[in-house]
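Some notes on the structure that comes next.
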Amino acid sequence: MMYVQLAIDSLLLGGLYALMALGLALSFGVTNILNFAHGEAIMLGAYGAFFGLTLGGIDPLLSLPALMLVGFLAGYALFRYFLKRLLTAPQVNQILLTFGLGMILNNAAAIAFTADMRSANPSYASESIRLGEAYLPMGRFIAFGVACVMAVALLLWLHRTEYGRACRAVAQNQLASTLAGIDLKNVYAVAFGISIAIGVATGVVLSWVTPVTPFMGFHLLVKAFAIIILGGIGSIGGAMAGAFLLGFLETAVAYFVPEGIGWAEGVAFAVLFLILIFRPRGIAGQAAEG
Amino acid sequence: MKTNRFAVAGVMVLLAALMLVPLNLPQMNDWLFRIATLIMLAVSWNMMASAGMISLGHSAFWGVGSYGCLVAINYLKLPFFMSFIPALLFGALIGMLLALSTGRLRGVFFAIATLALSEGLRIIGLMLPDFTGGAAGMFLRHGARPAAMVLYYSAIIAALLTVLAAWLLSITKLRYAMRAMHDNEDAAQMLGINPLFYRTLISTIAGAMAAGAGALNLWHSAYLAPDIAFSLHFAILAQIAAIIGGVHTLAGPVIGAFAIIGLSELSRTSLGIKEGYSLLIYGVMLVAAITFMPKGLYGILKARPARKPAREGLAPAGASPPNDAAQP
Amino acid sequence: MQLTKPTLHNAAFLKPGLSLALGCLLFASAYVPARAADDTIKIGVPMELSGRFVAFGTSGKRGVEMAVDAFKGRVANKKIEILLRDVQSDAQVTVQVLNDLIAQKKVNLLIGPISSAMVSAAIPAWRQGKPIWISHGSTTPRTEEEVGAEPRFFHTFPYSYHYQAAMSAGLKQALGSGKTAAILYADDAYGRAALPAAKKYFSEAGFKLGVEELVRSGAADMNPVLQKIRFSKPDVLINLVQTSDLATLAKQIRIAGLETPYLTDGVDIFIEEWQKAVGDAQEGWIGVAGYFPGLTRPASKDRPDLFPSLAEWEAKFRQRYNAAPAYLDVGAYSATIMLLLAVDKAGSDDPEKVAIELKKLDVQTLLGRGHFTPTPSGTMNQAFQDLMVVQRQGGKNVIVYPNDLANGKLIPRTAK
C-alpha cells in the first residue's frame, strides 16, 4: 500500500540525488574547490539531451555518452587553463569565481534558449509498471539505473586505474602525493573533468523527469551540497548513502507530515544544519573543521 | 581593515548625497536609497568576511530584519523610528545563533550553513501564511508610511552610521582579533583570543546591520513576501560590491555599491529592452573582478603562514606562490 | 595592516579609484535627462522585460506596441510617447521605476506591470500620483483588496476567482451536482490565493469537496500527493498550479495512471510551451480561456481598423514578431486600444476625463465585450472577466461552455 509506494519513491528519488551528488563529491573531494557552477553543468546536460531529442531525434540515452565526453573535455580544459589559479586562492575567491561562472552560464542559457521550460519526452518517460497497488515509474527507474551504473563505474575507476588511484591519493594527502611523483595539475583537471561529465549525465537523466529551465541548476546544487556534507567530504560511498537517506527523509515527510510536500524542501536544509552542528564530518567523511 | 583616505572619501560622498536629496532629481533619490541599503549590506558582509566567515546567505539577516519590522508595524503598531528596534534585535539574534550553532566551522562549510539558513527561513516563511501572508505576501498597514523624504534621509544616515560603526570596530582591539582569526584561528587561540566570542560578536553586529537594511527596504516598498525577503539576489549584489570595491577595506563596500547600482542602471536603461543581459553582466563582472583584481584580496594575506594545515596541502607543483612585491 | 601611500602604481589605490570613477561615469551616462516634449501623450509602460516574469512582460509590450500602431502613433491630435521600462521582475526596481514615472515624469496613464508580485510592489508607489492605471494582469485577490475600490484603477484581466467561477459553472452544466472534487494547490501566490475561491465556487455549484493537498512549487516529486488523491477517488481534480509545476504535475499524473476523469486548471494549459513539454499527457485537461491560438472571431462592426478579425490580427502579429500570440498579448492589445479610445474621446490625458470615458466605453474587442463594471468583491472597474471553459481533445481546443460559444462536449479522460 502506501509503504510500498513510499519505498519505491524514496529509492528512485535517492538514485537521482546520488547521481547529482556524485559529481560534486568527486570534484570537491579531490580538488577541495567547491564548484558552484556544477548545477549549470547539469542544466547544460539537460538541454543537450532535450535538443538532441527534439532536433535530432536521438534518444537521450544514446546521446548520453557523447554529451558526457563533451562535458569531460570542457571541464578538463576549464580547470587546466582557468580554474587552477583557485587552488592557491583564498576561499572567498573560489566560491565567488565559480558562482560568477554559474551566473554567466545560466543567464547566457536564458538568452540563447529562452526561459521557456522544456521537457524531453522519450517513450519510456511516461510509462509505468503496476506492482499491485503501487506502481514503478519507468522514466525514474531508468534514471536510477543510470545512476547505479555511473556509481559503479566511478568506483571502479577510482580503485583500478592509475588516474583514479592518483585522485584518491591526492584527496587524502596532497603533500605526500607530490612526493610520490604525481602530477597534481593533471590529476586535478581529470577529476574535475569527470565531475563535470557526471553532472552532464545527471542533466541528461533529469531531462525527462523534471522541467528543463535555465535556472534549474542552483536549486539542485544546494541539495547536492547538503548531500555531500551529510555523507562526508571525500567519500563517494558516503555521498551515495547521504543521497538515499535524504531521498527517504524527503519522501517520508511528503507522505506523512500534513502539508508535508511543502516542508519536504526544507528537510535538506534542516538536515544540513543539524549535520554541520553535530557531526560536521558527516556519515563517512573527514574532518570539516580547521 | 585598511583605514585610508578613501574611507574618508566614501563618507564625504555619503554626506554629499544627503544634500542631493531635497533637490529631488529624477530617479536620484531611489538610486541613493538602493545604494544606501546596498552599502549597509556590503559593509555587513565585508565585516564577516574579514573575520574569515564567508556568508552566502546574507539574505537571512535582511529577511529577518524585514519581517521584524513588519511585525512591529502591522502587529505592534510601532511608529517609524521605533520599528527598527525589533528588526535590529531579530538580526542580531539570528547572527548570534548562527555563530553559536556553527561553532568553529570554517570557509566553505560556514558558507553553506548560511545558505541553508537563508533558504530554510524562506521555506518557513512560506509555510506560515497566517503570520507572513505566505507566498502572496503582506502589505504594510495603511497610513503607516512616513513622507518619502524622511525615508531617503534615514537610509543615507543609516548607511553613514553603518560605515561609522565598522570604522569604530576597526580601530579597537577587535581588528587584531579579526585579522588573527582570518589567518589562523588556532594560532589566534594561542594568543589568548577566544575565536568563538569574537565570531559571535561580529556575527551579531553584522546581522543587525543587514537587518536594518532589510527594514528600510520594507518601508520603501511597503510590501513583503518570503520570496522577496529571503531572495539571494540582493545579497549577491552586496558581495560583488564588496569584492569589486576591495574586501577588507573600509571604503570598498561603499565604492562597490555605487559601482554596482551604476552598472545595473546603465545596463537596464540602455540594454534593458533586450531581456536578460543585466544579470549576465553581473556574472562577467564578478569573474573579471576575481580574476584580474586579486591584489586587493591577496594584499591582506601578506602575512599568511608559509604552510597551511595538512588537509589543504601546499600549493600544487608548478604554481608559483603569490608575489607580494609585484605590482600588477 | 599598512597605511599605503596612495601613488599611481599602488594597486590598492587604483582599484577603489577606478571603481569610483567608473561608478560616476556610469551614473552620468545612465542619467538621461528627460526631453522636454509637451505635445505628446505619455504612457508609462513598466513591464517585466527580464527575470522571472519575462514572458509576461514581453507579451504586454507587444500588445501595447501593436495597439499604438493601430492608432498610427497618434491620439487626441498628439503623438503617443511610450515610456517603456524594464522592472526586471524585481520589487525594488519596480518601486523605483514607478516612482520615476509617476513622481518625476508625471505620467497620467499607466499600463503594467503584469505579474501579481510586481503589481503588489507597485501599488504603494502608484498611490503617490494615482494616474489612470490599466492593470492587465495580477490575478491575486490581494490586489482587489488593496486598490480595487480606487476609481482610477481599471482591471482588464480576470482575478483567479473568475477562473473558478467559470470552471465551476461549466462543469456543473456538463456533470450535474453531487460529484466530488479534490483540490491540489501550489504553495505560491497563485495557488494559495485561488484556494478559498475554488472552494467557495465549487461548493456553491453543488460539488462535494474532497481532499485538499498542497504541492511545493518547484518540487520534482508530486507522487506522495497523487497517491493521497488516488485513494480518495474524486470525480474532478481541481489544480491550482501554474506553468512548470503544471508540467511536472501533468506528466506525473499520466505516469501514475491516475484515473480521475476530469482534470482542471486555469489558463496555462493553452500555453504552447506547456503543451510541448507534456506531450500526450495534455489530453483531457480542462482550462478556462479568453483566447487561444486558432480561436475565430469576426471583426468588430464599428471599428474594424482597431479590432479586426482574430485571424487577421494573428497574422499581423506573427509577421511582426515571428511567434504565436498568447492570451496576454491579445488582452494587452485590447486593453491598450480601450485606453487610447478613451483618451481620444476625452481629448487629453487628464485622468478625470479619461476615467469617465473609460467607464462609458462599450466595444467589441478581440476578447469579446470590452466594458467596465464593478465586481461583487470590491473592484470598481473590471473588464474581460468572462471566460470560456475549454478542453484539450486530440490536441485541439474544444469549447464546452458557455453554450453560445460551445463547439463540443466535455468528455472524461481515460488513464492512458
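Going by the order they are written in, the chains are A, B and C; count residues from 1 in each one.
Here, a residue touches a chain if its C-beta (ideal position, glycine included) is under 8 Å from a C-beta of that chain, and two chains touch if they have at least 3 such contacts.
Note that the structure is a prediction, hence the values are computed from the model and not measured.
Asks: Looking at CA centres, what chain is most distant from chain B?
Replies: C
Asks: Could you let me know which interface, A-B or A-C, is made of more C-beta pairs in contact?
Replies: More contacting C-beta pairs are found at A-B.
Asks: Please report how many Å separate the Cα centroid of chain A from that of chain C, as a whole number.
Replies: The separation of the two C-alpha centroids amounts to 36 Å.
Asks: Using CA atom averages as chain centres, what separation in Å is found between chain A and chain B?
Replies: The computed centroid separation for chain A versus chain B comes out at 30 Å.
Asks: Indicate the residues of chain C shared as contacts by at least two other chains.
Replies: Within chain C, residues 54, 187 contact more than one other chain.
Asks: Tell me, which residues of chain B touch at least two other chains?
Replies: If we look for residues of chain B contacting two or more partner chains, we find 126-127, 275-277, 279.
Asks: If I count partner chains per residue in chain A, which residues reach a count of at least 2?
Replies: 115, 259, 262, 265
Asks: Hey, which residues of chain B end up touching chain A in the complex?
Replies: 49, 54, 56, 101-109, 111-113, 115-117, 119-120, 123-124, 126-127, 186, 236, 239-240, 243, 247, 275-277, 279-280, 282-287, 290-291, 294, 297-298, 301, 309-319, 321-322
Asks: For chain A, which residues count as touching chain B in their complex?
Replies: So the residues of chain A in touch with chain B come to 32, 34, 84-85, 87-97, 99-105, 107-108, 110-111, 115, 173-175, 178, 183-185, 188, 222, 225-226, 229, 259, 262-263, 265-266, 268-270, 272-273, 276-277, 280, 286-290.
Asks: In the complex, go through chain A and note every residue touching chain C.
Replies: 2, 5-6, 9, 13, 16, 115-119, 121, 125-128, 130, 135, 137-139, 209-211, 213, 219, 250-251, 254-255, 259-262, 264-265
Asks: Flag every residue of chain C that touches chain B in the complex, lowest number first.
Replies: 1, 3-4, 6, 9-13, 15-17, 19-20, 22-27, 29-34, 49-51, 54, 57-58, 84-86, 88, 90-93, 95-96, 99-100, 104-105, 116-117, 120-121, 123-124, 128, 140, 142, 146, 187-189, 191-193, 217
Asks: Help me check something: in the complex, which residues belonging to chain C touch chain A?
Replies: 54-55, 187, 213-216, 218-225, 227, 243-244, 247-248, 251-252, 254-257, 273, 276-281
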